[in-house]
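Both complexes below contain subunit A, partnered by subunit B and then by subunit C.
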Partner chain A sequence: MSYILRRVFRAILLSLAVSALCFLFTEMAPGSFFDEMRLNPQISPETILALRSSYGLDQPLAVRYARWVKAALHADLGYSIAYNMPVRPLLWSRAKNTLLLTISALALTWLISVPLGVWAANRRGGLVDKAVALGSSFVISVPELVIAVALLALVVRWRILPVGGMMSADSDAFSTLAKVQDLARHLALPVLILALCEMAIIVRHVRASVLEVLGATYVQAARGLGVSQGRLLFRHVLPVAANPAISLLGFSLAGLLSGSLIVEVVCGWPGLGPLILEATLSRDLYLVIGGIMFSALFMIGGNLVADIMLMAVDPRIRKEGADAR
Partner chain B sequence: MRAKVLVVIALLFGLHLALLLAGFVAPYDPTAQNRELSYSPPTRLHFKDGSGFHLRPFVYASTVVMEGDQAGSYQEDRNHQYSLRWFETGPSYKLFGIYELTVHLFEVNEPGRIFLLGTDAYGRDEFSRVLFGGQLSVSAGIVATLITLLAGSIVGIIAGYYGGWVDELLMGVNELFLSLPWLYFLLGVRAFLPLHLSTLRTFFLLTGVIGLIGWARPARLLRGVVLSSRNRNYVLAARGFGATDSYLLRRHILPELFGLLLTQAALLVPRYIAAEATLSFFGLGVNEPAASWGNMLSALQQYSVLVSYGWLLAPAGALVVTSVLYSSLAEVFHSRLKSHTT
Partner chain C sequence: MPTHSPTYSSMGGSSESLLRVTGLCKRYTRGSLWRKRVAVAAVISADLEISRGQTLALVGESGSGKSTVARCVARIERPDAGQILMQGTDIAQLAVAALLPFRCRMQMVFQDAVTSMNPRFSALEVIEEPMRIRRETTDDRRDRARALMIEVGLSPDWMHRSISNFSGGQRQRIALARALTMRPQLLVLDEALTGLDVSTQAQIANLLIDLQAAHQLTYLLISHDLALVARLADLIGVMAEGRIVEAGPAQQIVSDPKHPATKKLLASAEAAAAKLTRITGASL
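Take a look at the complex of A and B:
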C-alpha cells in the first residue's frame, strides 16, 4: 500500500510544481492582453487599470499564485479574457474531444502493436519482423507534423474521409446511429495519424521485452515440457513482458498529448490543441496555463494509473512495497 | 555496413553544403515575388525539341491562360527556348552573410524562368525557399541541440558526480520537466514571449526555448554514466592519490561521456528541426517573408492549396530526408557505443 501512497504523494508534488512553473512564466511575459487595448484611443488608461485590478492582475505574484491554487482546488481555473468566460467550461468542452481522440488512438495503438510486437519477436528475423523494424524506424525518424500533413494530403486528394471538425455541418438532422457514424468518420484520420506515430515506438518496446523473456530459462523449460506455442506466449511470456510495456503506457501519454496537439491543428479537430494555440497567439494567459495544467495533470494521472497497474500485475513491486514498510 | 555509413555521411555532408551555399545553389532570391506567376507548377526541363536531342536542358517560358476552360492554368510558350546556363550571374546574395556575390549554380535568361519546385502564392521560387528555409531550420536544430547538451551535461554531471541532496533535488526538477508534454510546454513558454520579432531575434529566441526545455532527458542519461564511472576502480584510485575533482572530471569522466553526447546530438538535431518547423507552422516561429520549412508548410493549412498545389509539400520532403539521414547517423553512433561498452 505504501507504494501507492508514495506514488500519489509524488503525483501531487509534481502537479504543484507544474502549476508553480506555469505561474512563473506569466511573470516573465513582457506583453499582455492589454497591450492592444492600450493602443485603442477609445479606451482610457483608467479603464485598463480598473480592468487589470478586476482580473486581479495588479496583485503581487505570490498573492496571485496563492489565489489561483485556492481557486483551482475549487475547480476554478480563472477567467479567459479573450472569450470572456471562465476557463474551466471552455477547457472542458475542448478537453473532452482531446480525450476522445487520445484514448481512441491509445486503444488502437495497443490493439495493433502488442500482437504485432509479439509476432515479430516470436518469428525473429522473419518477414514481419523485418517489415516492422524498417517501418517503425522510418515513422519514428519522420516528424509528426510531416506525417500528419502527408496523410491529410492523401485523404483530401482522394476524398476518402471527411476532414475538419467533428461532425458534418448538417449532422443535427441525423439519427443517433448516423451521428455516431459521422463522428467515427471524422475521428478516423486524426486517430490514424496519432496511432501510427505511437505504434512505431510501442511495437519496438513490446518486441524487445518479449524477446528478452523468450530467452529466459523458465520459458525454455516450459517449451521443453511441451506447452503449446499459443499458451506459452500468452500465459507465460506476455504477463512478464507486460511489465515494461505498462510503464511505457504512462510514458507514451506525453508523446500522445504533444502529438495530438499537432494532429488537432492540422486536421481541424476541435480539441485542446487549437484552443491553446489560439490562446497563445492572443496571449490569453489563464487559458494557456489552464491548458498546460490540464495536459500535465492528464499525464501525471496517466503515469499514476500505469504505476498502479504495474503493481497489480507484478508481484515483485508488491513485495518491494511490503519491504519498504 | 561500412559502405552504408559512408553513404549516410556523404549525403549529410552534401545536404549541409547545399544549405550552407544556399545563395549559390538557389537561382533566385527567396523573398523575390512574381505576383503574375503565383502557384506556378514546377518548370519542366526539356532535352528534346523539333531539331533533336540537346545535351543542355532548356525550358520554355510559361504564361497564364486567360480564356477558355483552361483559364488560370499555365501554358508553355513553345516559340522560344531558354537554355540552362551553369555558373551564370543572377540576383546578388551574401555568402555566409558576408561575401556579396552574383554567381549562381544555374540560371536561365529572362523571361524564361526555372522553378524546379514551382512557386508559392506570391510567385516565390519554392526551390530557393527550401534551400534558404533549410539553412534556418537546420541551423536552428543544431544550435538548440548544442544548448540542450550543454545544459544537460552541466546538470547531469553535477547530479551524478556530487550525488546526495544535490542529486535528489536536480533529479526532482528533472522529473518535473519530463512529466510535461513538451509541445504544450513549448507553447506555454512561447505564449509569454513576444510574437513578432526580427528573424535573427526569433531564431535565437526559438533555439533558446527549444534547447532549454529539452535538457531533462540527456541530463538523466549523462547522470547515469557519470554515476557509474565515478565509482570505477581507477577513478577511486586516482582520487586516493589526491586527484582533484576537476582533474577527475576532465581526465576520467568526460571522455566516457563523449559517445553518449554524440549519439544524443544525432538524435536531437532532427527532433529540434521538427520542433522549430512545428512552431513556425503554428505561426509562433519564424515570420514571413523569411523562409523556414515550418512556415512554408503552413500555407498547406488551407485544404484547397493542399489539393491543388502538391509541389508545396517540398519542405515536408526536405524534412523527411534530413530526419532519416540524421537518425541513420544516430543509429550508427548508437551501435558503435554499444559495441564499445560491452
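Take a look at the complex of A and C:
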C-alpha cells in the first residue's frame, strides 16, 4: 500500500510541477490574445485593459497561478477568451474524442504487439521474426506525419473508409447500431495510423524482453527439467519479461497521446489536437494550459497504472514496498 | 594435436555403462538479417563413456567445448551429429516428448545457481517444479521437497523464502535438491563448484560425495580446475578446441600428463595454488 501511496504522492507533485511550468512557459511566450485587438483602431486601449483585468491577466504570474490551482481543485480550469466559455466543458467535449482514439489505439497496439513480439522471439531468425524486424525498422525510420499522410492518401484514393470528422453528415437518421458502425469506420484510419507507429516500437521492446529471458540460464534449466513449451512461456518467461513491457505502458500512452495530436489534425478528428493548435495560435491562455494539463494528467495516470500493474505482477516490488514501511 | 578422440579403454569402467557418447559434434551459427551466417564449431568430435557410480570430469580452458558437451548430454542442446547412448538408447536426436522419460534419469546443475533459478520463485517452487511436470500431488511434492532440503543441508522452514534471499552456496544446494527430485542416475555438473568461496566449495564437494554414495549417482563433472576435479573424479577427459585430447584415470592424468593442453592446465592449477599459498601463507 505504501508503494501505491508513494506513487500517488509523486504523481500529485508531478502534476503541480507540470502546471507551474505550463504557466511559466505560456507567460514567456511572445504575444497575447489581445495583441490583435490592439491593432484594431475601433477598440480603445482602455477596453483592452478592462478585458485583461476581467480575465485576471493584469495580476502577477504567481497570483494567477495560485488562483488557477485553487479553481482547478474545484474542477474549474478557467475561461476561454477565444470561445468565450469555460474551458472545462470545451475541453471535455474534445477530450473524450481524444480518449476514444487513444484508448482504441492503445488496445490495438498492445493486442497485436505482445503476441507478435513473443512469437518473433520464440521463433528467432524465422520468417515472422525477420518480417517484424524489417517492418518495424521501416515504420520507425519514417516520420509519423508521412505515414499518416500516406495512409490518408491511400484511403481517399481507394475510398475504403470515410475521412474527416467522427460521424457521417446524415448519421442522425441512423439506428444505434448503424451509428456505432459509422463511428468505428471514422475511427479506423486514425487508430490504424497511431497503432502502426506505436506498434513498431512496442513489438521490438517485447521481442527484446522475451529474448533476454529466453536466453536466461534458468529458462535453459527449466528446459533441461523437461518443462513443456507452454508452461515455460507462461510460467517462466512471460511473468519476468512482462516487467519492462509494463513499464513501457506509460511511455506508450505518452507516445500515443502526442501522436494523436498530429493524427487528429491530419485526419480531421475532432479531438484535443486541433483545439490545442487553434488555442496556441490564438494564444488562448487558459485553454492551452487546460489542454496541456489534460494530456499531462492522462500520461501521469497511465504511468501510475503501469506502476500499480508492476506491483501486482512482481513480488519483489511488493516486497520493496513492504520493506519501505 | 590428434585429430581423433582418445580411446576410453584406458578409462577403466568395467561395470555397466550408463552413458556412452560417440562422435558428438555441435556447431553454432552466427549472423543476422544483414550479416552472412557463419558456422562456428564448438565441439568437433567427442567420445566418452561413464559407468554407473563413476565420476568423469571434463576439463579444459574456456571455449574448449566442455560445457557444450554437457549441454548436449543433458539435451538442452541438440547435437548436430553423434550418438548419446543412455543405457543403450540413443537420445541425441529424440524429440521433446520422447526425451521426457530420459530427463528423469539425468539432470543438470549449472554453474551460476543465482541465474539458474526463476527469480520469482520460492525455494519450494524451484524444488517442486520437476515434480509438477510429473503431475505429483501437492502433498507428495511438499514432503519430497522437505526431505530433499534436509538432505542437502538446508532447513525446510526456509522453503517459502524467495530464492533471492539465499546465498550462492545455499542456492547451489537448492539446485542439487531440484536435480535430485527426479531421482536421476546421472548428474551433469557444469562448473557447479566454480564461483564459490573455498569453504563453500569444499562443503558442496563433500555434499556431492555424500549424495553420490547415498543415491548411487553418476557424475559428469565439467570444470576448468584440474586440481579440484582430481580430488573428485575417477576419470578425467581433457578438452581443447572442441576435441577430447587426453583421457584416462584421474591420478594418471594428473601425475603423467601427455598432451600440451593437459600440461598447461596443470601448470595453471599449480601457479594458482602457489599464488594462494603466497597470499595466505598456508599450503593447500
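In the analysis below, the second predicted complex is superposed on the first by the 324 of 325 C-alpha atoms of A that agree within 3 Å, B and C clash if a C-alpha of one lies under 4 Å from a C-alpha of the other, contacts with A are read in each partner's own complex, and residues count from 1 in each chain.
Note that in this section contacts are C-beta pairs under 8 Å (C-beta built on N, C-alpha and C of every residue); 3 or more make two chains touch, one makes a residue touch a chain.
Here the structure is a predicted model, which is why all the values come from computation and not from measurement.
If you put the two complexes together on subunit A, you find that subunit B and subunit C both fit without a clash.
Once the two complexes are laid over each other on the shared chain, residue contacts for A:80 go to neither subunit B nor subunit C. Using the contact criterion defined above for the overlaid structures, shared-chain residue A:22 touches subunit B, although it does not reach subunit C. The partner that reaches more residues of subunit A, of the two candidates subunit B and subunit C, is B. For the combined model, the angle formed at the CA centre of subunit A by lines to the CA centres of subunit B and subunit C equals 90 degrees after rounding to the nearest 10.
Once chain A of one complex is fitted onto chain A of the other, the partner contacts of A:296 are limited to subunit B, with no touch recorded for subunit C. In the superposition on chain A, contact of A:239 is made with subunit C only, not with subunit B. By the document's definition of touching, of the two partners only subunit C reaches A:314; subunit B does not.
By the touch criterion defined above, A:218 lies against subunit C but remains apart from subunit B after alignment on the C-alpha atoms of chain A.
In the superposition on chain A, A:262 makes contact with subunit B only, not with subunit C.
After overlaying the two complexes on the shared chain, residue contacts for A:122 are found with neither subunit B nor subunit C.
Put simply, the nearest alpha carbons of subunit B and subunit C end up 6 Å apart when the two models share chain A. Touching subunit A in their complex are the following residues of subunit B: 173, 175-176, 178-185, 187-195, 270, 273-274, 277-278, 281-284, 294, 297, 300-301, 303, 306-307, 310, 313, 316, 319-320, 323-324, 326-328, 331.
The residues of subunit A lying in touch with subunit C in their complex are 130, 133-134, 216-218, 220-229, 231, 236, 239-240, 314-316, 319. Residue ranges on subunit C touching subunit A, taken from their complex, read 33, 71, 74-76, 96, 99-100, 103-104, 107-108, 110, 112, 115-120, 129-130, 133, 162, 164, 178, 182.
Of all residues in subunit A, those touching subunit B in their complex are 14, 17-18, 21-22, 25-26, 28-31, 137-138, 140-146, 149-150, 152-153, 156-157, 163-164, 253-255, 257-259, 261-262, 265-266, 276-277, 279-281, 283, 285, 288-289, 291-292, 295-296, 299-300, 303.
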